[in-house]
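What follows is a group of structures, each given as C-alpha cells.
Look for chain A in each of the two complexes below; its partner is chain B in the first and chain C in the second.
Coming up: the complex of A and B.
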C-alpha cells in the first residue's frame, strides 16, 4: 500500500467510520431478519428452515396481518392530512398577531412531548363508556350520544385510536407551519395584496405553494410515524378488540414475544421494511426530495 | 508537586486493580424477573442477606413485556443471568434447554419428601408442557394462586345481598346494580388474559377438565360444551352482566381504578388481589383488604358449581445452565420460597405461598385473615386444574375468539372453530 494510494483514497478513511456503523447497525440487522424469516424459530431454540412458508402463510392465511396492513393505510391517510390541515389552520391563526399567541402555541404543542404511554392511559379513561370522562359528561349533561364503546367496538376502535394520534401530533404540524410561515418572503405576499388578491386567494395561491417543503416533510414524517406506531396502540387497545386496531409493529411484537414465533415476526418485519422502502422511494420520485426541518 | 500527584494516581490505579480481588469473596447471583415487584424483591434480598451476607443478589425487575424481550435477547447472546422468573407452560418450555433441573436443589434443602411440602398445584404445573418422559422440574414455584370472583363488601352490605350463586341470581343483581350506576361485574376485557380467565371458569363449570383433553387432541374445541361455555361468555355481555364497553378497557389499571373507587359490585380476579392491601397509601377499600371478599364463579349450568377451583403458579424461579454460581442460586431460590426472603414476600400479601405453612407476620383486619385462611386452608388444596394452557397459539386463538364473539364478529361456534384450527396447526 503505497503512500500515493493512501493519498488518492483518503476519502475512504473518512467514510469508513460511517460505513462501518451502517453495516453493523443497518445492513447486518436487515440480513439477520431476512435470514430469520426463512425459519420456523421461537427466538431461543434451534430453528428449522422452511423457506418462504412464513411469507406464504402471511399473504394467504393471516387475517391479523391483513388487518394490520389495512390499519396502516387508515393510519397513514387519516392522520397525515387532518394533522396537516388542522396544523396549518392553527399556525395561520397563531401567526396573525392574536393576543397570547405564543402561549397558545405552547399549549397546542404540549401533547407532542408527552409520552404515548401516558396518553394511552389517559385516553383510555376518557373513552371508557363506564366511568370515563366522555361518559360522565354525557350522563351529567344528558348528551348520551357521548357514551359509546369507542375502543370496544371493532368498527370504530381504529378511528378512535387514530383520533388520539391526530390530537397528539397536530401541534407538531402547527409548529412546522409556524416556522414555515415566518420564513415566507413578505414582499411576495405584499405584491399579491397590491394586485388585489383576497386573503383566501393569498393562502391558496401563494402561501400553500411556498410551504411545499413543509408539506413534504410532514408527509415523510407522517408515513414513517404511521409505520412505526406501537406505544399508543399498545397502551390503548393492545391491537384489539380481535386485532381491529392491530398495526404492523404491534403484530410483530405479539408474534415474536408473546407467541414465540420469531421467524414469522421476522417475515412481517421484512414486509414492513419493504413497505417503508417503497413509500420512501415513491415520495422522493413523486413529490421530490426538498424536505426541511423547521422551515 | 507533580511527583506527589503522580504517586497518588499510581496508588489509586493499584487500588482499583486489586479491589476486585478483595471483592471476590462475595458470590454474585444475577436475578431477572417481572415479579415480585422491585420494592418487594429488595425487601426479600435484605432479609436473605441478613442471614447470607456472602451472597450478593443483583436484581433487575422489569414489566412483563419488556422482560420477555430481554430474556430472549440474553438467551440469543448467551448471557442469561443466574436466576430467571418463569411462568409454567409455554415460557418455561421455551427456555427449558437453558435451565437446570431443580430436583437436586430441592432435595438438598427440604429432603426427599420435598414435593409434599408444596401445594400440589405448584408441583403439577411446574411440569406443564414437559415432553413425555421428562419429569424434571425446571423452575420451583414461589407463589401460587386461584382464579375466582370478588365482591365489594360495602356495595353488597348496602344492597343487603349475598354474592350470586347461580346465573339467574347474577342476572337479577346485575339489573339492580345497572339501575344504580354500579358496574355489576367490572372487567377490563381489553386484556386477553382476563377474558381467558373467565372462559376457563365457564368451561370448568360446563365440563370440568375437558379443555385439557382438547389441548391433547382427545376432544375438539368445537364440541358442544366449548360452544356452550362460549355462549355463556357472550351472554355476560349481552345481558349487561359486564359493564358497557368492557372490551375496550384494560383490567390493569383502568378497571382496577373503578373497583377501588367502589363503582363495581363484583369483578373477576384471583388470589393475588390480596396484594392491594400491601400497596403504599391504599385507598379505603384496599386498606387491610377491608372492602373485598372472594367467592366462586356462579353456576351457569344449573347443575351446581364445581367444588374445586382453577389455579396455578403465579411465578416460579429457575437457575440457568450458564450460571456461574448454581449453588448460591439454589440457596437464593429456596430462601425466596421458604426462608427469610419468602417471609418478607408473604408479608406483602403478594399472592399465596407455594410452600405450605407460611403466613404473613400480621393481618390488618379480621376480614384479611379470614380471606387468607379461606385461600390457604380451603380453596388452594382443592385446585385440580390449571389456569394456563400449554400452547401460546391456542391461548391467543382463544383470547381472539372471546373478543370476536363479545364484539359480535363471530358466533360462539365460529369462535371455537378458530381455537380448534389453532390447536390443529
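Coming up: the complex of A and C.
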C-alpha cells in the first residue's frame, strides 16, 4: 500500500472500528445462519448435513411456524395503522397550543421507554381473569364483556398482546408526527386558511401529504418492530396457549434454546431475515425510492 | 370564541385519555406500595389499604438488586460510550472523507437497521461461546455496540453533513488534520445529535432482553431486565415485591429520558425524519 493510497483512503481508519464490529456481529452471523440451517444440529454434538430438509419440514409440516407467520401479519397491520392514526391525532392536538401539551407528550411517550419485560408483567395483572383490573371493573360496573380470558383463549390472545404493543408505541408515532408538524411551512397553512379551507380540509389535503416522509418512516419501523417482537410476547404468553401467539422470534428462541434444535432455529432465522429484507426492499421500491432513514 | 371552546374540548379529551394511558404505570407504583398483609388484592391491586415501603425493603434484603443494577450499568455505560465514539468517527468519514467503497459501506451499515435482532441470537450465542464471553459483560457490550452503531451513524451523519464547509476549509489551510476537524470542530457542536444517540443507546441497551437472556446464565451477572424472571418463582404469590422490582428497573430509564427529552424532538427532526 503506497503512502498516496493511504492518504486518499484515510476515511478507512475512521470507519475501521464500525466495520470490524459489523463484520463480526452482523455479516458473519448472517453467513452463519445460512450455513447452520442446512444441518441437523443440537448445538453440542456433531452437526449432520441434511440439505434443505429443515426448510421442507418448516413449509410442509409445521403448524407453529404457520401460526407465527399469520401472527406476524396480524401484528404488522394491527399495530402500524392504529398507531399512526392515534399518534397523528394526538400530535395534532398536542401542537395546537392547549395547556400542558409538553406534559401530555411526556405521558403518552412514557410507555415506549419502559422495558417490555416490565410491561408484560403489569399487563398480566390487568388481563388476569380473577382479581385482574379489567375483570374486576367488569364485575363492579356490570360491563361483563370486560371479563374475558384475554391471554388464555387461543382466539383472542394474539389480539390482547397486540393491544399492549399499540399502547406502548403510540407515543413514539405521536413524537415523530410532532417533529414533522413542527417542521411544516407555516405560510402554506395560513394561505390555505385565508383561501377558506376548513380545519379538516387543511389536514387531509395539505398536512397529511406533507408528512409523507413521517408516514413512511413509521411504516418501515413498524414492520421491523413487528418482525423482531420478542420480550413482550415472551413475558405475556411465552407464545402460547398452544402456539396461538407464537411469533417468529419466540419460535426461534424456543427451537434453539428450549428444544436444542440450533439448525432448525437457524432455518427459521433465515426465513425471518429474508422476510425483513424483502419487506424493506418492497417498501423502498413501492412507497418511494427517496426514502431512507436520515438520507 | 369557537377556538377557545374547541381547545377546551381538546384539553378535556386529552386529559381523560392521558389518565387512562397512565393506568398501567400507576398500577406498577401502587402495587409496589401495597402493604404485605393485604391478601387477594382486587382490581389487579389498584386499591390498596395504606402505603407501605415494606416491599422495597424485602427486595433489597432478599434480592441482589444492587448487584443487578451494577450489571446493567456495566453493560450499558460502555456500550453508550463505544457507540458514540465509533459511530461519530464513521459518520464523519461518511459525511466528509472519500475512501474505497464508501457508499457500499454506508448501505451495508444501513441494512443492519432492517435486521431483526432475533435472527442473530443463535450465531451471537455461538460467537460468545467460542470467545468465552458467555456470562461476561463483554458478551453483551460488543453486540449491543455493533447493533447500535448503524442508527447512530444515520443520526450523526446527517447532522455532520449539514455543517458549513467553509470553516473546515479554513481549518485545513491552517494545517488541521481530518481527525482535528472531527474532534475539535465538529464534535463540540454536535451535542444535540449526540444526545439523541445517548438516549437511544441507553434505552435499547438497558431494556434489551433476548441477547441478555441467552448470554447471561449466572444470576450474579444478570442485568436488571432479567431480574423479574429470576425472582418470578420466589415472588410468585407476592405481587408487592415483584412490582417494587419493576419500579426499580424503570426509574433509571425515566430519569435519563427526563433529563434528555428536550433534545429528542429536535434530534429526531434533524436526523431520523428527513425525507
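Here is the rule we use: the second predicted complex is superposed on the first by the 266 of 295 C-alpha atoms of A that agree within 3 Å, B and C clash if a C-alpha of one lies under 4 Å from a C-alpha of the other, contacts with A are read in each partner's own complex, and residues count from 1 in each chain.
As a convention for this text, a contact is a pair of C-beta atoms (placed from the backbone, for glycine too) under 8 Å apart; a residue touches a chain by one contact, two chains touch by 3 or more.
Worth saying up front: this structure is predicted, and the values here are computed from it rather than measured.
Enquirer: Is the arrangement of chain B and chain C around the shared chain A a clash or a fit after superposition?
Expert: clash
Enquirer: Going by the contact rule set out at the top, does A:265 touch chain B (first), chain C (second), both, or neither?
Expert: In the superposition, A:265 touches chain C alone.
Enquirer: Pick one for A:273: touches chain B only (first), chain C only (second), both, or neither.
Expert: So A:273 only meets chain C here.
Enquirer: So in the superposed three-chain picture, is A:98 touching just chain B, just chain C, both, or none of them (first/second/both/neither)?
Expert: Touch partner of A:98: chain C, not chain B.
Enquirer: With both complexes superposed on chain A, which partner does A:128 reach: first (chain B), second (chain C), both or neither?
Expert: Both partners, chain B and chain C.
Enquirer: Could you say whether A:200 touches chain B, chain C, both of them, or neither, answering first, second, both or neither?
Expert: neither
Enquirer: In the overlaid three-chain picture, which partner chain does A:257 touch, first (chain B) or second (chain C), both, or neither?
Expert: Once the two structures are laid over each other on A, A:257 reaches both partners.
Enquirer: Going by the contact rule set out at the top, does A:157 touch chain B (first), chain C (second), both, or neither?
Expert: The first partner, chain B, only.
Enquirer: For the overlaid complexes, name the partner, chain B or chain C, with more touching residues on chain A.
Expert: For chain A, the partner with the higher number of touched residues is C.
Enquirer: Just to be sure I read the superposition right, which of the two partners does A:286 touch: chain B = first, chain C = second, or both, or neither?
Expert: neither
Enquirer: Of the stretches 59-67, 113-121, 167-175 or 365-373, which one in chain B hits chain C?
Expert: 59-67
Enquirer: Can you list the residues of chain A that touch chain B in one structure and chain C in the other?
Expert: Comparing the two interfaces on chain A, one with chain B and one with chain C, the shared residues are 43, 121, 125, 128, 131-132, 253, 256-257, 262.
Enquirer: Spell out the part of chain B that touches chain A in their complex, as residue ranges.
Expert: 65, 68-69, 72, 75-76, 90, 94-95, 97-98, 181, 183, 186, 189-192, 243-250, 253-254, 257-258, 261, 263, 392-393, 396, 400, 403-404, 406-407, 409
Enquirer: Could you list, by residue number, the parts of chain A that touch chain B in their complex?
Expert: The contact residues of chain A facing chain B are 42-45, 121, 124-125, 127-132, 135, 139, 147-154, 157, 237-238, 240-244, 253-254, 256-260, 262.
Enquirer: Enumerate the contact residues on chain C facing chain A in the complex.
Expert: Against chain A, chain C makes touches at 7, 10-11, 13-15, 17-18, 21-25, 27-28, 31, 40-46, 85-87, 89-90, 92-94, 97-100, 102, 105, 108-127, 142-143, 145-147, 149-151, 153-155, 157-158, 178-179, 182, 203, 206-207, 209-210, 213-214, 225-226, 228-229, 239, 242-243, 246, 249-250, 253-254, 257-258, 261, 264-266, 268-269, 271-275.
Enquirer: Using the touch rule from the top, collect the residues of chain A that touch chain C in their complex.
Expert: 8-12, 14-15, 17-19, 21-22, 24-30, 32-33, 36, 43, 90, 93-94, 96-100, 104, 106-111, 113-119, 121-123, 125-126, 128, 131-133, 136-137, 167, 175-176, 178-180, 182-183, 212-214, 216-217, 220, 224, 227-228, 230-231, 234-235, 248-249, 252-253, 256-257, 262, 265-266, 269-270, 272-273, 276-277, 279-280, 290-295
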